[in-house]
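So, here's a batch of structures to check.
Both complexes below contain subunit A, partnered by subunit B and then by subunit C.
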Partner chain A sequence: MSTSLSIFLTIHVIIGVLGVFLFGGVSLGLLKKKISVKMLKYFSLGGLISYLIAWVLGGHYYIVHYGSKVKPIIKAGDMTWAHSIVMEAKEHIFLFLPFLAFVSVVSIWTLGSSLDEMPKFKKAVMLVSLSAFIIGILIALAGIVISGAATI
Partner chain B sequence: MLEKKLKIIASFTLASIASILFLTFATIYSEFNKPFKDWLVLTFNHHWVGKGVLAVVIFFVVAILHWLASLKMHPIAVDTKVRRALISLFIVSILATLVVIGFFILHFMKIF
Partner chain C sequence: MNLHLFLVFAHIVGVVLGTGGATFAEIFYLKAKRDGVFEPLEVDYLKTSYFVLRVGLFIIVLSGFGLLVLLRLNEFGDPLLGVKLWAKLLIVLIIVLNAFLIQARKMPMWLGSSLSLTSWYTATILGLWRGIPYSFGQIIIFYLLSVMVVAYVLHIIDKRILKSVTIKK
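What follows is the complex of A and B.
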């Protein structure tokens, strides 16, 4: 793998995990009776940007390197399911994340402190953020399985 | 003012639901329909890029169309409707995730 690709992959992993943490923070922040609007705005926007960067960098690695170099190694090993199930599911479910993150950002940035006056609505926004968090965790775990399968 | 904001949120929420449903459908359909997968590869250089680009296009088309249509909508119960749309997005995203994972498990086991 070229140096630039390995840098891209490292940034993809770090920034993806950062996005997961930020949406975890957004979900918890929205559970509070009185929300911290500033924190929620920065966390959600940071999470969206993280997911978008992870999407572009991970996508570049997947298209340029994974299919021709990593996939054959996994397919030739004992853990073929790591590609056929985990990677196949990961690459497609990953595409859901920016949309969920975007809705979360738009809701928080447009309504701001008004969310405190609409507790049921706030809970609904929390569920969307929670979804961006849960799916983000699944994607990160899938990445660990695939890396493991490629090195075994 | 609040009503306008809620309508914008509703438009993006429904657009996200449409994009996630499309991605789930396209993911499964492209495994069974080779011409569709080949078209994605030919048009976008990679089937994964094709699905992503089409999902983004669907997202903006649905968001704009819904927002234009919502301008004429009656403001009553907008809050409740948008809240329901957000909850639907949560449910759709979780179900779509399970469907995609389940599909690839069954596909690997050659059941599908």
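What follows is the complex of A and C.
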């Protein structure tokens, strides 16, 4: 793997995990009776940007390296399911993330503290953010499995 | 200091902050519960402990994934699929889920406290232990039993504190 690809992969992982953390913070923040609007705004925006960067870098790595170099290794090994199930699921399910993140950002930035006066909508935004968090965790875990299958 | 050493150091700092934060959060919680009233200063100490705990968790996860990336880049995949890593990952997920449920008031504190403390210490022990001879299932069963034991111990401590407050009154 070239140095630039190694760097891209590293940033993809770290910034993706950062995005997961930020949406965890957004979900927790929306559970409070009185929300901290400033924290929610910056966490949600930071999470969206993180997911977008992870998407671009992951996509680049997938196209330039994974398909031709890593996938054959996995498919030739004992864990072919790591590609056929885990990676296939990852490359489709991750697409939810930027859109869920976007909805969360728009809701928080446009409504701000008035979310406290709309408990049902606040709960809905919390669930959207929580989905972005949980799916992010699953995507990260899938990445570990795929990396393991590629290097055992 | 190379990158690997830096990440290991950061990971250890995260463990210290997280496990220490969880320990002091529990100590402050039990102290605050004594008179049944949570004074503003006591709440402040609790909030600070939770903040430190969350910072620790953040550092652990980021440095942990950094170490995983290093393993990937060095084509050393065995630990990525190992029992120890996946047990630690599951326990970290339980810590996070527990935090959510406590915040949402869906988790009784007697169980939440035990889950938090046991999870942090189990993850620490797993991290320190080289060559764990147990399967994933065995580790998780031991962990769940530990949660129950710790819950019982905290219950005993709580009753003794309540008893000492009642006697003083």
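We adopt the following convention: the second predicted complex is superposed on the first by the 152 of 152 C-alpha atoms of A that agree within 3 Å, B and C clash if a C-alpha of one lies under 4 Å from a C-alpha of the other, contacts with A are read in each partner's own complex, and residues count from 1 in each chain.
The rule is short, and it goes like this: a residue touches a chain if its C-beta (ideal position, glycine included) is under 8 Å from a C-beta of that chain, and two chains touch if they have at least 3 such contacts.
This structure is a prediction, so every number in the text was calculated from the model and none was measured.
Visitor: Report for A:Val56: first if it touches subunit B alone, second if subunit C alone, otherwise both or neither.
Guide: Neither subunit B nor subunit C is touched by A:Val56.
Visitor: I want to verify the contact counts: of subunit B and subunit C, which reaches more residues of subunit A?
Guide: The larger set of subunit A residues in touch belongs to B.
Visitor: With both complexes overlaid on chain A, does A:Ser131 touch subunit B (first), subunit C (second), both or neither?
Guide: Once the two structures are laid over each other on A, A:Ser131 reaches subunit B alone.
Visitor: Please indicate which partner A:Leu31 is in contact with in the superposed arrangement: first for subunit B, second for subunit C, both, or neither.
Guide: Second partner only.
Visitor: Looking at A:Thr10 after the superposition, I want to know if it touches subunit B, subunit C, both of them or none. Which is it: first, second, both, neither?
Guide: In the superposition, A:Thr10 contacts subunit C only.
Visitor: Which holds for A:Ala140: it touches subunit B only (first), subunit C only (second), both, or neither?
Guide: Only subunit C is touched by A:Ala140; subunit B is not.
Visitor: Could you look at A:Met39 and tell me whether it touches subunit B, subunit C, both or neither (first, second, both, neither)?
Guide: In the superposition, A:Met39 touches no partner, neither subunit B nor subunit C.
Visitor: Kindly classify A:Thr151 by the partners it touches after superposition: subunit B alone (first), subunit C alone (second), both, or neither?
Guide: The second partner, subunit C, only.
Visitor: Looking at A:Phe21 after the superposition, I want to know if it touches subunit B, subunit C, both of them or none. Which is it: first, second, both, neither?
Guide: second
Visitor: On subunit A, what residues does subunit B touch that subunit C touches as well?
Guide: 130
Visitor: Can you list the residues on subunit A that touch subunit C in the complex?
Guide: For this pair, the touching residues of subunit A are 1, 6, 9-10, 13-14, 17-18, 21, 24, 27-28, 31-32, 130, 137, 140-141, 144-145, 147-152.
Visitor: Once bound in the complex, which stretches of subunit A touch subunit B?
Guide: Touch list, subunit A to subunit B: 55, 59, 62-63, 81, 84-85, 88-89, 91-93, 95-96, 99-100, 102-103, 106-107, 110-111, 114, 118, 120-121, 124-125, 127-128, 130-131, 134-135, 138.
Visitor: Spell out the part of subunit C that touches subunit A in their complex, as residue ranges.
Guide: Of all residues in subunit C, those touching subunit A are 58, 61-62, 65-66, 68-69, 71-73, 75-78, 80-81, 85, 89, 93, 96, 99-100, 103-104.
Visitor: Spell out the residues on subunit B that touch subunit A in their complex, using ranges where they run on.
Guide: 2, 5, 8-9, 12-13, 15-16, 19-20, 23-24, 27, 45-46, 48-49, 51-52, 55, 59, 79, 82-83, 86-87, 89-90, 93-94, 96-97, 100-101, 104-105, 107-108
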